[in-house]
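Listed below are the structures to be examined.
Presented sequentially are two complexes of chain A, the first with chain B as partner and the second with chain C.
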Partner chain A sequence: MTTPPLLDVRNLTVDFATRDGTVHAVENVSFQLARGETMGLVGESGSGKSVSAFAVMRLLGKSANVRAERIDVGGHDLLTASEAAVDALRGKRMTIIFQNARSALNPIRPIGQQIVDVLRTHRGMIGKDARKAAVAALAEVRIPDPERRYHAYPFELSGGMCQRVMIALAFASEPELLIADEPTTGLDVTTQAVIMDLIREKSSQRRMSTILITHDLTLAAEYCDRFAVMHAGHIVEQGTTSDIFERAAHPYTGLLMQATPHGASRLEDLAAIPGTLPDLRRDLPPCRFVHRCPRAAPVCAAALPRRALDASHEVSCHMPWKESA
Partner chain B sequence: MIAMIAKRFASAIPSLIGVIIVTFVISHTLPGDPAAYFAGPSATAESIAETRARLGLDQPLPIQFLTYVGDLVQGDMGRSFNSGQPVLTDLARRLPASFELTLYALVFAIVVAVPLGLWAAVNPGSWIDHLCRGTVTAAAAFPSFFTALVLIFVFYYKLGWAPSPIGRLAIYFPIPPSVTGFLTIDAVLAGDLATARAALGQLILPAISLGLFALAPLARMTRASMIGVLGSDFITTARAEGLPRRTVLWTYGFRNALLPVVNILGMIFSFLLGANVLIEQVFGWPGIGSYAVEAVLTSDYAAIQGFVVMMAVLYILLNLGVDILNMIVDPRVRYDD
Partner chain C sequence: MTVPLLELESLKKFYPTGTGQLHAVDGVDLKIAPGESLGLVGESGCGKSTLVRVLARLIDATGGAIRIDGQSIGEIPARRFGTNPHRRRIQVVFQDPTDSLNPQFSIFDSIADPLRRLGGKKSRAEVTEAVYEAARITHLPVELLSRYPHQLSGGQKARVGIARAIILRPELLILDEPTSALDVSVQVVILQLLGQLRKTLGMSYLFVSHDLNVVKLICDRVAVMYLGRIIECAPVDQIFTRPAHPYTKALLSAIPGASVEGRIRLNGEPRSPIDPDPNVCRFYGRCPMGQELCAREAPPLVEIGAHAAACHFRLDQEEVLA
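Presenting the complex of A and B:
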């Protein structure tokens, strides 16, 4: 990449102090995201996708110990920024939308008001102007009858409608980076496509970068330029969509793809990958996949390498599948 | 909304009937012979029997009960043996005194407990948090009459800051014409600020003694509620949108945290009305609490029954009030049915 990436995360590590010990939720995660790019972040439940996203947004609570070499968004250093400085970056530079949009909206505030709150904070709009802009924002995400819906409360809207409101909310501040954490889980297939199309349309209009966290590989393949595959807190492989879907190098990715021919299934349904995620509270081996890996070898006990297969394709494995395999 | 209120009323009727039956039975099995009491100290066996017949006390209990219910429906709660007045008149005269005291106590408790709970929630581990969890609980562990006696000892006897605990108003102040029944408000309405100040002065110690009682549950409830709300998804969203901290805490956090607190206000209020019984004794407060105590001590059936039935009705009205308040603050409740 010649131009600097919009998002630059280097060696992000997150531990949680809990009553039953330290959870090593994320370890040495590095990735970059160019402007306008959409990256899929996939992996089993509990692999650390949300934790990574929350760490980038600096939204993790006090029990989280977050370390990194660097977390930059649009040239702003998030790692050392003060709480006030991060507040100023949130919304404006980067924002996040969640899986359960209904609970992510204030239950006792009309949705239009909630959009106005964002407009006032980031675009200095007040009164009639803000109201008009909020109605326009609702119209833009194709909420029917936005004038009337402006006064609606989240519980009066369907899950799909709430997700549209979330998108309107996220885009109201015109951020440069959008993190969508399973934005379509729990919605029916038609609504999923509508929501994803909305996100794609809006982000390409503004050359916004998007991280799409999902379990749905089919859906993700259609919308993402690149992928990072997570397993037990590590990014085991990252590359372009065709790198991952056609030339998977990590055994985990390989099993994932075998089990989901043409990505036509969902991660939850995978019975083909043996074993379960290791207990993240224990001492973990360098490669956290080794106990489940069909290609495990003595060499796997050594420190994990990070191998660049080509300019875009990188794998953390001693025993990757051969390119031709 | 009207339909909902009507429904609430209807659903309260069975419990009201239950209360009426139970109090009737209990008050008629209390020891003591009201006929003897009523007939006076110089009564003969004959005059006692006569009194008993006059009062209908010689009838079998079921008949007495039917007569009682029939009267009650017409708003007749009988006559108090002690005062010789209709019970309804007595209660109507004394209720404002208790209400005023309870309301001030509640306001005191809310004004102290809610900010305390909020502060504790926003700053976990701070000394206010520990105060909220420990000291406040300890304060509530003392019986309220004990707290009241300590307060009187310190602020009236030792320091002389508080007026003597002899009721609502010292006798040399004119009683303002009754509008609301609340002396402080009536005095202000009558333009008599000196009386208003005196009435307020009389209220402070009993209101604090009573309010301390409600402090712990309110503060802990507020704290728990705010902590719960601050951990919820929509707060994360508000923060992710970069909304100012003030907006996140107040507009998004506080308003939501208040919902369960509003919900228990009715319960706390009736709880305080009950606790009045002791506080009124200590401060010579002419409210319904001291009336009830006196009635029990003298087997004043009509007064006891009147008191309990009135409390039951109050309780129902209070809960209705809370329901309505809930409908105002929580849009989700309005659509429930």
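Presenting the complex of A and C:
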């Protein structure tokens, strides 16, 4: 990348102190995101996708111990920034769409007012202007009858409608970085398609960079330029969508794809991934997939390499399926 | 089709609300043959779950008939059906494996419960043997039987839900989104288990899901439901390759990665299910093909061969008319 990336995360590590010991939730995670790019952060539950994203937004609580070499958004160093400085960026330069929209919205405030709050805080709009802009924002995410819905409370709207309001809120401050954390989980496929189209349309209009957190590989494949695959707190592989789908190098990526039902597959063709996620409170081997891995070899006990297969494609594995040329 | 295992005839379930009757299930006709796996798909709020609950006789229907092997069970009140001999022929695997297990029951007791209630007089040794057998065929490790739900993983709980549903060897297993709470790697194992159980035990499935890719893997036929009605029902290949109803096509277009020719994106909200106008097609207003006729006359479910659809302008009819 010649121009500096919008988001630059280097060696992010997150531990949580719990009563039952320290949970090593995320370890040495690095990724960059260019302007206007959409990256899918995929993996099963417990793989550390949301924790990584929350760490970038500085949304983790006191029990989290976050360390990194660098977390940089649009030239702002988030690692050393004061809480006030992060506050000024959060919601404005970078924003997040949460998984469960209904519980993320304020239940006792009309949705229009909630958008006005964002416009006032981040864009200094007040009075009639703010109100008009809020109605326009609702119309933009295709909420029917926005004038009337301005006064609606979240409980009066369907799940899909609430998710649209979340998107309207996220876009109201015209952010540069959008993190969408499972934005369509729990929605119907038809609604999911409309919501994802909406996110794609808005982010390409504004050259926004988007991180799409999802466990759904086929969904991510349709909407992302690039992928990072996570397993047990590590990014095991990252690359462009075709790198991942046509030239998967990490055994976990390959297995994950074989487990995903897609148009052509038959029940017999799907294969389960052996074993379960390791207990993240224990002493973990360098490769956290080694106990589940069909290609595990003695060399896997050595420190985990980060191999560049080509300019866009990187894998953390001693025994990748495809060696670099 | 010979005598269907299960037959529904204009089944209705209405709920009274402040502003009128909510037509959750509104005249559903459906047949499931012995050993057949029927998929039921549709968006949330379309009445899938209400239909399942009426079928399992957990609630009473407002009207219509439910027949199992030709014998009517629709008029038996839900509270008395619990002790009816037909009860054991229909079992349900519920959506959320965590919420549907009693947290105070050991896994053994959860699996044994249906047998103790409906299995007639059984000695303790017989119950134990049946539970071990159910655990064996669902690949549930025996050492888990003495544990409690909170000590199990999601995939293990899903197996418990299946084990207790099959312990009575039902003829019809209703699966209400059995894998929607699971990760893909676990989902595969459960789906393969279900595929295998159907072969070995010869059960019929009613597989309720919103994931069409999963339905395709496990079902012979698919029924598509929209606002309380079945709007299309056909063998699984035909649904995927030649959908007849515009709504079905919209559902297929919405599958991520689907390459559907002329894909349809649905905007707007469904019509109100409260006292719907019987003369207007349920999909009117959201349908890209809607015409004046659709607001005047609701299309009936018409069977052409094995392919039934309720639409005035069936998408698969161009070649038939030409």
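FYI, the second predicted complex is superposed on the first by the 311 of 325 C-alpha atoms of A that agree within 3 Å, B and C clash if a C-alpha of one lies under 4 Å from a C-alpha of the other, contacts with A are read in each partner's own complex, and residues count from 1 in each chain.
Basically, a contact is a pair of C-beta atoms (placed from the backbone, for glycine too) under 8 Å apart; a residue touches a chain by one contact, two chains touch by 3 or more.
These numbers were taken from a predicted model, which means no experiment stands behind them.
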Touched partner set for A:Thr276, first chain B, second chain C, both or neither: second
Partner chain(s) touched by A:Thr38 [first = chain B, second = chain C, both, neither]: neither
Partner chain in contact with A:Glu222 - chain B first, chain C second, else both or neither: second
Contacts of A:Ser52 with chain B and chain C, given as first, second, both or neither: neither
Chain B versus chain C as contact partner of A:Ile108, first or second or both or neither: first
Contact breadth on chain A, by residue count: chain C or chain B: C
Partner chain(s) touched by A:Leu169 [first = chain B, second = chain C, both, neither]: first
Partner chain in contact with A:Leu256 - chain B first, chain C second, else both or neither: second
Which of chain B and chain C A:Val189 touches, first, second, both or neither: second
Chain B versus chain C as contact partner of A:Thr241, first or second or both or neither: neither
Chain B and chain C contact sites that coincide on chain A, given as residue numbers: none
Residues of chain A defined as touching chain B within the complex: 57, 59, 87-92, 95-96, 98, 100, 103-109, 117-118, 121-122, 153, 155-156, 166, 169-170, 173
Residue ranges of chain B in contact with chain A within the complex: 232-234, 236-245, 247, 251-252, 255-256, 259, 329-332, 335
For the chain C and chain A complex, residues of the former touching the latter: 43-45, 153, 183-189, 191-192, 195, 210-214, 216-218, 250-251, 253-259, 265-269
Residue ranges of chain A in contact with chain C within the complex: 44-45, 142, 144, 158-159, 161, 188-194, 196-197, 215-219, 221-223, 255-256, 259-263, 265-267, 270-273, 276
